[in-house]
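My questions will all concern the structure given below.
Chain naming follows the written order as A, B, C and D, and within any one chain the residues start at number 1.
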């Protein structure tokens, strides 16, 4: 069975195959190791000149990628753990994101920075974080999050071969072993197409949803479980809206759902304050006239602990989200 | 006349005087130069051992400060321009903010990182930004913004001498030449006390406000102008709520105002997406039952250009904010 | 040396057996998360930290178990931390890479620890003259720019820090030749920091070099660096080894435990073995029977004034 | 040299007079924001970039006017950029520190430009063998860690980049002795990059050294570094000078313009002077009469697929 990771790998391979401008750079990405999470496996064997293992220099390799991109190449830089993005923050926010506009559109920065993000693995406070929220809203930087509702290879191909702007691509570690979602008999799904599609998932044959679950990345897996429980155990019917692009915020499909349901429960793995869904709340207030209810499930506002019992307490869990949902319906 | 800058300087001097644990570190802070914005002027002359000019190493000096703080000193690190905080992001988010909790509360990190932030000076894309939004919501990090409604020296003294957690202190460049606000005959003000107070400013003798203006730092100056224009030119009475602490989010005084007015217009200098006020929107929805209206004035979603005409277009201006306010009242 | 060969042997064996137990128990799902063992590098922690004084500080990295045990940390508390027990060094919050106890600080962000070590050395210079920061880093960590920002400040301000670079010839899966240009000692020298580069797994030799360097640092002569060419016998983390088995075997001939044995009486060797094995078993058994870390113990990320 | 002393003199004088005009006009509020002039360092840009080939790249920093003019950038477009006119090099978006035109790239974030330069060199190695990146940095910029991350990669991958370190002995207000430990050339050498360190304001000498180093780089012999001890005669930015006037006077005796004069015929000197003065006046007058940058020209930060 082809896993989500296999398909990311296939997407990278496709890009290397299609364009001689594509280069992969990252720590420990050479075969046989193929990177800490094995995403690059096999690629250095087949494209030895364009798959390059780098020193442990996150700022340096992202900056290198910006320079390569400014000169017409299409570099893909892997940051081994998303926790280390903080080291590349200057290169992403002050260089990659600004160059095009600042130069009066004389140049382009077709750079993709890929990184595995997230917890539930006990890796501890510096290897389990969900830090993308600190990069959302940076003008000139596109932030994407893979999810099982879209074909990961398509997202990679779009970002690497088609997108001329810098992209930060978040891949949750727990997605790698999964396979992409298919509605089967229990669920139904429709897509809102676009360069980076939204997916709207519901319970097959369910009545009109009266709760919108908004989640991205791995939280969209949790969200589906929540939706399922709500339907089969509580007879509450929700609709799950899943973006692929987190920033900038193009939220039409989300609004559409909220206009129907009037209730939003956002699920985020990052700590509560000022995550992705805060902007959803702000824009709902700005764009949806009628009164909406809004709630958030997120990590507790502290580092992600290593111990299983503590990590479980700090990171969002299905059952507590179900409780939150019930609370919102009662209001 | 003592300027806001003089009072920041006095606050630093007081801390150096009161505690031998206090050290100031930063680029070019020695006399006679006294730092790029002269905030440290005179201090190295009087405390030569504890006012230290550093190499141009933003990550290094913040990390140095974390190490000093872990060992019982109370370092105050100046980052010359807030735009360079991106270089210290790892030290702030992955080290300073985590150490206490991660160590099971065995250690403390009484570090203060001060930095001048903001635009309207034509310094261009890498010297005019409002980047604090990227640091808000980081668990374990307190983010403050000085404003003319509080005594700056008091905020500094609290952060430097009393606060055992890491603090990022934002000082808008345009505040330096001002003096602190006094209500005079036209305005009235009350404070919500606490370690880092809120200020609630209104028009003297005005009827009950029906709009809440939420702003911090220099935007709270703009906010006051907007409030004044609304009152004297449009007979719309607003109330300006000004926090000193941006993160974590303790918003009671804000809720109180919104419960009265039901309408929020937030003013931010940073680019629109996912700034401080997005969390205000989210929490208003979570905590205020009744329907609220919400709007935001912010910078356009692009870098801050150098040219005067362009910078003026990109950064928020009083008149456009007044228009926004009018729009909100009409709804 | 302060300590006898037997002492050093015991100290190294404690690390070796502890780490072997970790690797043995991992597949059984007793831990959660990840780990990086010190097997093969024991002579560094033991030889270097043999010269630690009471008020000295140790700054360690992701591969911290050996440093922690040599520092005097509790074997049981470390085992408990790895197992996420409330009795762990950090109550289970930190886990394998984030160990903090007394003057010992470890962190999993490579390089980020070096400015911290430099800042701590600054504090020592101001408050505890004569005390020293021992800052460990690996060869791969030399890729991080903040390391050089720190070397510059440490040298500029003559701070009491000894940088120990454990060159085990690999960064995770990557041989140093693919990671590092130029010369390691020269990288310290360029910042005015004298660096001694040795290729040794002999705990005595490492101790002697350390003694000399540390005495300079204590005397206020500024930072010094010790670069030790070494080798790790186990995988980078667990089961992720891609190195040539012959290469590993070659270096195992220089196993630090073998090197020291000759200097230890045979009788002692057996006694130490029994003793340490018992200690390790006890530590892990106790840890296993300790309560899991309890959510109710969780405190906020910010203190009172939050 | 490719160019005659008279050419070099003209090239340097164009920078000198341009920058003098900037400092003269600043107080009149014709500009907005800040600026960093190149006065005193002209021999570096002119001597070094004299060896620039068509497909070469220049990466500059906050003090970029001199580099840009020596690169061949339009004096009028630069003046217009400083004045925020729509005819500016970047339409007024970038301003003094952010100049981008053809293969010239400047940025105001110190050090952040060095990995960019390294990445561009990577692209040249792949696409335009023989072409070279000229990367300028100041002495103070050696404080930034990412510089060393870049030196390591440039050396490791044998990239065609020439690093030019203009050591004007100060970072803003801070003398190098308070900022920098060790030795500048050694900082490059430690990463396997040969560095030539000269103390010179003679454009010919700087040119000759550059010619030698660049030819190595073009031949694929990997990165090289040229360190030039120099001095700036004007304030760091404007009116923020705290240096000893005697020190400034001392270095002014070695004014690069004086050094070259002897090699230029007196007649030519006067001709060049008249010519350049006229060019500078015309550039600023035209810029002043150009339209201000117009908000309606603003494009989004992200392209179509946004």
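The working rule: a contact is a pair of C-beta atoms (placed from the backbone, for glycine too) under 8 Å apart; a residue touches a chain by one contact, two chains touch by 3 or more.
Note that the structure is predicted; figures quoted are calculated from it, not measured.
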item	value
Intersection of contact partners for chain A and chain C	B, D
Chain of greatest Cα-centre distance to chain A	D
Whole-Å gap between the CA centroids of chain B and chain D	36
Distance from chain B to chain A - Cα centre to Cα centre, in angstrom	30
Intercentroid distance (Cα basis), chain D paired with chain A, Å	41
Junction residues of chain D, two or more chains touched	91, 93-94, 98, 107, 109, 143-146, 149, 152-153, 156, 178-180, 301
Shared-contact residues (touching 2 or more other chains) in chain B	54-55, 57, 59-60, 83-84, 87, 90, 94, 97, 101-102, 125-126, 139-140, 248, 301-303
Contact graph of the chains (line, ring, star, complete, other)	complete
Residue numbers on chain A that touch chain C, as the complex places them	27-28, 30, 32-33, 36, 53-60, 83-84, 87, 121-127, 300-303, 305-314
Of chain C, residues touching chain B in the complex	57, 90-91, 93-94, 98, 100-101, 105, 107, 109, 112, 114-124, 126-127, 145-146, 149-150, 152-153, 156-157, 299, 301-303, 305-306
Of all residues in chain C, those that touch chain D in their complex	142-149, 151-153, 155-156, 178-183, 186-187, 189-193
Of chain C, residues touching chain A in the complex	31-34, 81, 84-85, 88, 91-98, 107-111, 140-145, 171-174, 178-180, 240, 242, 292-295, 298, 300-301
Partner chain C, residues of chain B touching it in the complex	52, 54-55, 57, 59-73, 75, 90-91, 94-95, 97, 99-108, 139-140, 142, 158, 162-165, 195, 248
